[in-house]
């Protein structure tokens, strides 16, 4: 009855997922870990207690002991592995983004349409963060009237060396793209990206300010600052007609020392979204057992790529760019 | 490999434990639920997906499919069931208190000493609350020098009809008793209970203020207010030589509406300590598998009862009461 | 030695200024109040203890007992009265804006240039708010590196009936225009105004989002929401290279009641900026005595109007508008 | 019409009062400063712009240009100077405490009774702190039912070398004594002082915990920690039947840097109570003009000394000490 899970990718994300699946989720067990770097795969397997290490991702997908696959490999490989899982009729939890571009993402949609069934849950874990779910519930309650605008802040300690402005949109801002759609139950129709003064500590133009408009006329502005130096911080505020809802990291322990009252800020996303990842992975396992999809679909992942495509275009043009509207297949 | 768990008691706590064991913990599955009220047992089993309902707690303890027992029945029954589990050599997670009085709690200690092994983890779940564990780590780091005093607040929306002043000490303050010992790594040596002005909304003298002294000279004061009307709130502050550490509920979503900026307060302990219960129950399952005890022991539960005994005595005398010092057996 | 002050305008602002000058400022006394509505002037005089009521603003300016004039009359009259004071060689504290348009504001500059001396302090009181002055000191310290971007929120309970989108820029956003220049020691070079989803409770398109660029490449975004319903709130965050500085209302009393922890939000700007107005008015009196100008000058007021002119233009065009750069005369 | 003020004492408090009277208060001017240390008196006079320095306090009190006297000299001299002012029929603002003991304080009461008029306002400035006045208004509104208990924290960076446990009660805790009476409109009837673990950084037993009972059955507990090292912090919480009111320093600017979100803590009482002192001194001047007493009376100062006398006694006995009840003369 317990579902056997295989994980492709044993980097930071993959190793974390291995730990969660093996040690914090009911109804599943970790069968195998796979990584191009066998040493890394073995380390993740050892730490989490996975039974096996498998060298070939396609072999992992085909393995009969493995009933569900979690994809945490490099972005460019997500679509291929997801498609292989769909063909093997195995449920997938795929880390975001679905693909670096909309064109590539579309292939996954086509595979699901061909299969006539949804297999992919996309790892937009924020949809499971207690702060975001509470915020969405408050918006949906219309207790404060309609939502009119959203302010978002997305800051990282520092960006990896291979990052650039486009990656800031495709890899980081994609979270705000999805969560805006989730919170507002609306589509994003245009985007304009502004450049703030460039930080002398960044190796590309950072920070950026992206301004989105939704199909319901709402504005969503996002500060993207990937070299903020002080820590990882994701928060925001939804402005409604009669009140606002501010979401952010859960704060508890407060220190008074050396002339300040202080609360800690995480160094990366793991403490900030630890609950979100755990709840997401449990929801994925539960959804496999119940047959009822949970979280973001491949379609949500695809739509996010159409938005980030437009964002990258605006980086070049400096102007507002319309976002291609796609017709949602009835499967989703 | 997965550990079969049986739960005795299907009241609020028992039903919550059933949900956690069945749906949020890795490495275990819920076999059966037991309650004097069969309808309540059946409801908890149905909701959590437990396979069976068992009428007799002793039958549950004896059941060969059940490898570990969670006791969430009325306080007065804890010791007897725990002793039965010890005799059956089955690991136990026993809700606090170990027993209403030290004399009764001592019987559990004797049973473990006879068995020559520890079987009981006591459900002082706060030891697993992220805020408390962070606070203890900060104290132990001595980053702010030695801990000198602790201020605690323990408020409930309203007390159940059968509660009285003594129950406020035995049932509620027992949490602060244990967590003070946990945070300070010290024993409590005296207690004096003061009565504040009595709330006209309480059916007994409420609130109380208890002042404890520790074996290291620290003071711990605890406001106990079981009819605080506004919600459930547990928080505090540890005063150290060069700084203080305030622990409390994790806050995130903030509402601005109708002339106030507001954050929600839970109505009872479940949202406040949801993480603590989940982590505690996972730690219990993990400890059974690893053979390494986790959390509070039966001895910790027994010591807590010696403290609350003295607290109840102070309620009567109005004076400071010494707490009996017990010699810790080498088993603990 | 004490400076005799006359106040033109006895509306909400004028009456407040009368109270401050008469009862909270050292080195000055209130001589007379003037208003088109004599009843209103008499009420303000009575409440503050002013000796006289004067019907004609020009008579007030000419009055030999009056050594300094505070202008709190309707916006369109500010420039004329300020020019009359300059001609009479009397120091002026003029409520913002200097004038509704840059063209009108320029006349005041010309009067001061002709006089060869500065007489006007412009009532951008935020420059005296302790939160803003602390923020500017932190920016100037470069403790967190260079300032890169500023996020501002400017919300009112509800806008007066005569307000519209343009007034939101000219009358409200003008505060953020001045304070951005003050905080960043930079000029604003472009502005683009976006419309959020329109609140159904507003009688014009509200809220707006204005995005400014500075001469140093910084971005300043301002949410203007004049019908926010829940209260008056002005706050923001300066994003620097290694840290951020959030400024906002001073919070102290915190209520726990009915399921929430809450801090109060003012209904209008008076409690929020009470300290700023008092400190500003004291600084004005002190500057008259010392001969050293304080706060914003007529030039600052004029520049603010060039920015709001461009903001109003962007409201019409929907595009980014360049802001006319003016050459600062050596007088300022 | 402007009231001429003379200040006795040019230490930290006296110099601050000189600055406030000369530069922040309407309706008064600073005539002279007096101090045993003439250099210190001259410095305070120069900085504040006082016209004269007077060597002899009695000469200052007698000076015809001086209509009101502010006493900020050492504690032991307060009563004598206050009595001299009463005899000279001059209004006094006297720094707390009225006297180091109740016996000495009683002499001031007798002088006012003999004069048949109140001349003394006691410098319990917290009664003018916006946080405390808001808290008292909320208590009096009975919006949250009756007040049942108060928790107070009183922390200093470090105590002066001449301080000891008794001084912590007489000099520091006296503020909580007065403010409890002010907030609760009740008398304190008993006090018991506990010693926490002694800080290794303190030259006397510090911190202490004082527990007071009021005539209405309320409890007031006060943590006194005069060597808290991290800063000056005064805050507390009033527990009412259906809600609580927490008062504390006004917070605004918030820094995010180096892994923490931080708000500053003052190094001493001056920033924390700057508004309180200014408002107090203005209220004193206004009360002289209106003839209506403001703030704490000599009686309030005397009662506070009866309470601190009992507190010092409890330091010695370790037990609860009753506080002498004094019959209030009709003058107060």
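For reference, chains read A, B, C and D in written order, and residue numbers begin at 1 within each chain.
Here is the rule we use: contacts are C-beta pairs under 8 Å (C-beta built on N, C-alpha and C of every residue); 3 or more make two chains touch, one makes a residue touch a chain.
The model shown is predicted, which means the values in this text are computed figures rather than measured ones.
J.: Just going by residue numbers, which of A-B, B-C or B-D has an interface where over half the contact pairs are the same as at C-D?
T.: Repeat of the C-D interface: A-B.
J.: Which chain's centre, taken as the mean of its Cα atoms, is farthest from the centre of chain D?
T.: That would be chain A.
J.: So, what's the distance in Å between the C-alpha centres of chain C and chain A?
T.: Centre separation, chain A to chain C: 43 Å.
J.: I'd like the Å distance between the centres of chain A and chain D, where a centre is the mean of that chain's Cα atoms.
T.: 56
J.: Please work out the Cα centroid separation of chain A and chain B, and write it as a whole number of Å.
T.: 37
J.: Please output the residue numbers of chain A that touch at least 2 other chains, ranges allowed.
T.: 230, 242-244, 251, 255-258
J.: Of all residues in chain A, which touch chain D in the complex?
T.: Residues 230-231, 233, 251, 255-265, 267 of chain A touch chain D in their complex.
J.: Considering only the defined contacts, which chain B positions touch chain D in the complex?
T.: Touch residues, chain B against chain D: 145-149, 151, 153, 194-201, 207, 209, 211, 213-214, 216-219, 221, 223, 225, 228-230, 239, 241-244.
J.: Spell out the part of chain A that touches chain B in their complex, as residue ranges.
T.: Residue list for chain A touching chain B: 2, 22-29, 130-131, 134-135, 138, 143-144, 242-258, 275, 282, 286.
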